[in-house]
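Both complexes shown next keep chain A, but they swap its partner, so chain B is in the first and chain C is in the second.
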Partner chain A sequence: MRFRAKIVDLACLNHFSRVINTIAKLAKTCTLRLTVSKLYFILSDKVANGGVSMWCELCQGNFFDEFQIEGVAAEHNEIYLELVPENLSRALKTAQSAKAVKIKLSNKHCPCLRVAVELPSLSSSSRIVTHDIPVGVIPRRLWNDFREPSVTDFDVSIYLPVLKTMKSVVERMKNLSNSIVIEANLRGEMNLKIETDLVSITTHFKDLGNPPWASEDGGQSSTQGGDLEGMAEARIDIKKLQQLLAGQQVNPTKALCNIVNKKIVHFILLHEDVSLQYFIPALA
Partner chain B sequence: LSRIGDELYLEPTESGLSLCTVNSSRSAFASFLFAPLFFQLYEPGGPGPEQELQRCKVHMKSFLGVFRSLPSLEKTVWRCLILLKPQAGRLVLQLHCKYGVTKTHNLTFQECERLQAVFDTQRCASSITGPAQVLAEAVVHFPQTLAEVTLEAGSGSRIGLRNYVEEGAEPSKTMVTELWLAKDEFQAVAVAPGSRITFCLKEFRGLLTFAEASNLPLTIHYDAPGSPVIFTLEDTVLEVHLVLATLSDPESNPQLPPTNGASHLTIQLDDFADDLESYMIAMETSAYEGGSGAPPSPTFPLRTPDPTKSDPEEEEEEEEGAVPGTPPHKKFRSLFFGSVLTPGVPSLAPTQEVLAEDSDGEY
Partner chain C sequence: MPFSAQPPGSGERYVLAASLDNARHLSSLLRAVHFRDHATCFATANGLRVTVEDAKCIQANAFIQAEIFQEFTVQEESVILRINLSVLLDCLTIFGTSSSPGAPTALRMCYRGYGYPLMLFLEEGGVVTVCKINTQEPDELLDFDFCSTNVVNKIILQSEGLREAFAELDMTSEVLQITMSPDKPYFRLSTFGNAGSTHLDYPRDSDLIEAFHCNQTQTNRYKLSLLKPSTKALALSCKVSIRTDARGFLSLQYMIRNEDGQICFVEYYCCPDEDVAEGEL
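Let's look at the complex of A and B:
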């Protein structure tokens, strides 16, 4: 099992760092899945996470100049690693002016991702900083735990309001309540509601637009031809929502969410070369 | 200096004014010696034939408070006068500012013995001299919360820095950061090959900030693990020393008695030889307790502060900030300093483990 990759372009490096920073804000520990063409950061919905799950997908070609992988076996040319993304974020933090960054899977005393940052220096040879990030290798028999979650039969799909606005609204609401209700309909209207003993606050967003989803097998979506004004809602942990919004370092090209009434909210944030999906289940 | 200790010792000597401090666990000491030329006027002794030069110590925060905002100080202050008034028990800091404004600060001080860590850079086997900037750039790769860092002399006289992973920590969970600096990044490298020392990063960072700002080359002198590491900066009017204890090698024989001055810092106390002996014996026992537990504090009775001389400000002991300083419960050999025997021993913050309490002594 081998893996080595190299980033030489500073813009790619910064972009990659930002992705890692976002992931680090969302998960303390997560799974990194490496394939020939893609990297995935996965958080599966365990109770420890509060039931949230995350699926982030990057095309390696958009970031790395070199990318070589030899998976566990020929038919399964993939590697699954458990790591603390904050470590990776820290390693990349001081690589802003690097000439090159190499990442390699190594096994000196224990499996590690070795990040070697080559920095310019006044001397004849470059300065090299290495960070050995301990990782856990996830055996193949557990790979099924990390499949892409999908929510096909959602009730409403709607584009999110400007994330910055949404973030500041949610941040203020966070001080007042532990849970927040997101409700939306197919007319591009979304409400964020909190309710406590003393006060209830609702923020209304209009004209958000609803993404067109090609209906599968016709009639799968329960809202087809149905009630456009009807709101689908879910009451979720406000901290998780705030974490998601606060972690965004770059404005996504597309941001939307799918709501399954009283069950789960599925957020999809798309950038040019990164897609992030975040699932927050409804509170009991 | 404030990053190291809570009390500022001022000692005027013929060769200049020395400002120094020591940390609570006695494992870090720093001194800044300003030559007479640094000042417009320098009178170390009082008027009259009396030769004895008065020294004192004040609370670091009180002293710093006078110089609170550097940018505005630079704009408004013409001159600063520092005057010691022993009869009044006051250290006077007078800022002569623009527009005829004079700000006078009267700080209470305590008399103290000379604070001096005995160290000898000549006895250190290894030394490295280089621009502070190189080390500052190196240190930036380590997290702010990192307590200790290991410096190592590698092949080809490369100098390496690595974060120190505590013995108890799980290697499979700890991230290790390491970097190597080529010999030609420094002005001079004369190191024992394979030598390695571990010291606390917090105080070192403080010195680096000063060194970078002053643009002076920094020299690092070190010897075997357990011997202190000495950082020096020098120019025509200023001499700076930072002395830090280093982690002793757990493999070395803990029963070795400290025979020479190089393996630990000795006290320099002129007047209290008898107490010195028992004090040092107790220090040695606690430092060589070995094993993985924290060395037990010597059982000296805590002196209650003499109410007539105690500084009212002592009551407000503030806790150190979140960044870890040299922790008392590591296997650092303490730097044994002149025990500061004053009539009013300051009360220690109750949560700190005290390794070296000031010994009782006849005054």
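Let's look at the complex of A and C:
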């Protein structure tokens, strides 16, 4: 099993760092899946996460100048690693003005991702700062645990409001309640609601628009026909939603969510070269 | 942009109905008195007064006169309600606290009377938030019986003169001692902390002092932990008046100019710390 990669372009490096920072905000530990063409950051829905799952996909070609991988076997040219994204994020913090960053899978005493940051220096030889990030190698027999989750039978699909506004509202609501209800319909309307002994608050968003597939046959089960105004809703952990919104440092190109009534909310945030899916289950 | 959405059931009588184009005119003043969770709101045709108290010896009042509002209607002679101020502030700032000049949050506030919740309608950029905040039985408020005829010493200064001093008060001191006198040291703030005593003197002829009317030398001590929250009001204000009466009761009045240049007042009343023996200095 071998992996080595290199980023030389500063813009790509900063972009990659931003992605890792976002992942670090969403998951304490996650799975990094490396293939010939892509990197995936995966969190599968365990009780320990509160049932939340995440699937983030990047095309390596958009970030890395060099990318070589030799997986566990020829027919399975992939590597699955368990890592703490915060460690990677911290290592990349030292690379803000780096000349190059090399990442290599090494196994000196234990499996590590070795991140070597080459920094500019006044003398002729560069300074190199090396971070060894411990990783766990996930054996092939467990790879099935990390398949892409799919939500096919959603009730409503809707574009999200301006994230800045949604973030402010959710942050305030988080001071007042542990759970939040998201409801939306096929008329482009979404409400965020909290209700406690002290206060009820509802924020109404209009004219959000619904993605084109929202009215196709495959996507709809219960809201077929004329019920455009019917709301699909889910009550979710407000901290999970706040973490998702807080992690978005740059506005996505497209942001939408699919709601399965009383079951789960599936968020999809698309940037030019990164796609992030985040699944928050409804509270019991 | 005037807030035009009609609150539900608007045919019903509201004992208090108010509209404000910029909710920050209200929220920033309320923050200046937010040192406990609960506040009593008192509304008359003149405007709104929000009172917060602590430890039965400090009281802060924020006054927002009716002219600040675009609409302010009180159906009864006075309306009084007790509310969770932290919740109220979270609602008023639901769209965030940073001031984006182009898009102030518009507010409409309605109250149907005793036993009903306070309704808030906030709008920014086409997004509407509706809040229903439960109210409580109003408590009896302290009456400091502070009237201007009993004032012994009074100093008015520009707030910038006090801001740094207040921000840097030695918090390991239990008390803040205020000396006001027609003779030296004129106006002195003292603390007695773990590292030692600190005295900060203001000369009588300082540029920062706008008015100096001291008739008698008075030295009084006040619990610092109770007075420290007044720093928020000081930070917002442009001028502050410091007055003491014969009992040593302290009145701090802060003149606050809002984003539109309108003037509002916040006042703090504090009674002297009785745990300290009179002769000690």
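In this text, the second predicted complex is superposed on the first by the 273 of 284 C-alpha atoms of A that agree within 3 Å, B and C clash if a C-alpha of one lies under 4 Å from a C-alpha of the other, contacts with A are read in each partner's own complex, and residues count from 1 in each chain.
Following the convention adopted for this analysis, a residue touches a chain if its C-beta (ideal position, glycine included) is under 8 Å from a C-beta of that chain, and two chains touch if they have at least 3 such contacts.
As the structure is a prediction and not an experimental result, all values here were calculated from the model.
When the shared chain is aligned, no partner comes close enough to touch A:K263: not chain B, not chain C.
Of the two partner chains placed by the overlay, neither chain B nor chain C lies in contact with A:K104. Touch criterion met: A:D197 reaches chain C, while chain B stays clear of it. When both complexes are overlaid on chain A, the residue A:N175 reaches chain C alone and has no touch with chain B.
In the superposition on chain A, A:S121 contacts chain B only, with no contact to chain C. In the superposition on chain A, A:T165 makes contact with chain C only, not with chain B. After overlaying the two complexes on the shared chain, residue contacts for A:I133 are found with chain B alone; chain C is out of touch.
In the superposed model, A:K206 makes contact with chain C only, not with chain B.
Once the two complexes are overlaid on chain A, none of the chain A residues touched by chain B in the first is touched by chain C in the second. Residues 161-162, 164-165, 168-169, 172-173, 175-176, 197-207 of chain A are the ones that touch chain C when the two sit in their complex.
Contacts from chain B toward chain A in the complex involve residues 137-138, 140-141, 143, 171-182, 184-185. Of all the residues in chain A, the ones that touch chain B in their complex are 84, 87, 90-91, 94, 109-110, 121-125, 127-134, 136. Those residues of chain C whose C-beta lies close enough to touch chain A in the complex are 84, 86-87, 90-91, 93-96, 124-134.
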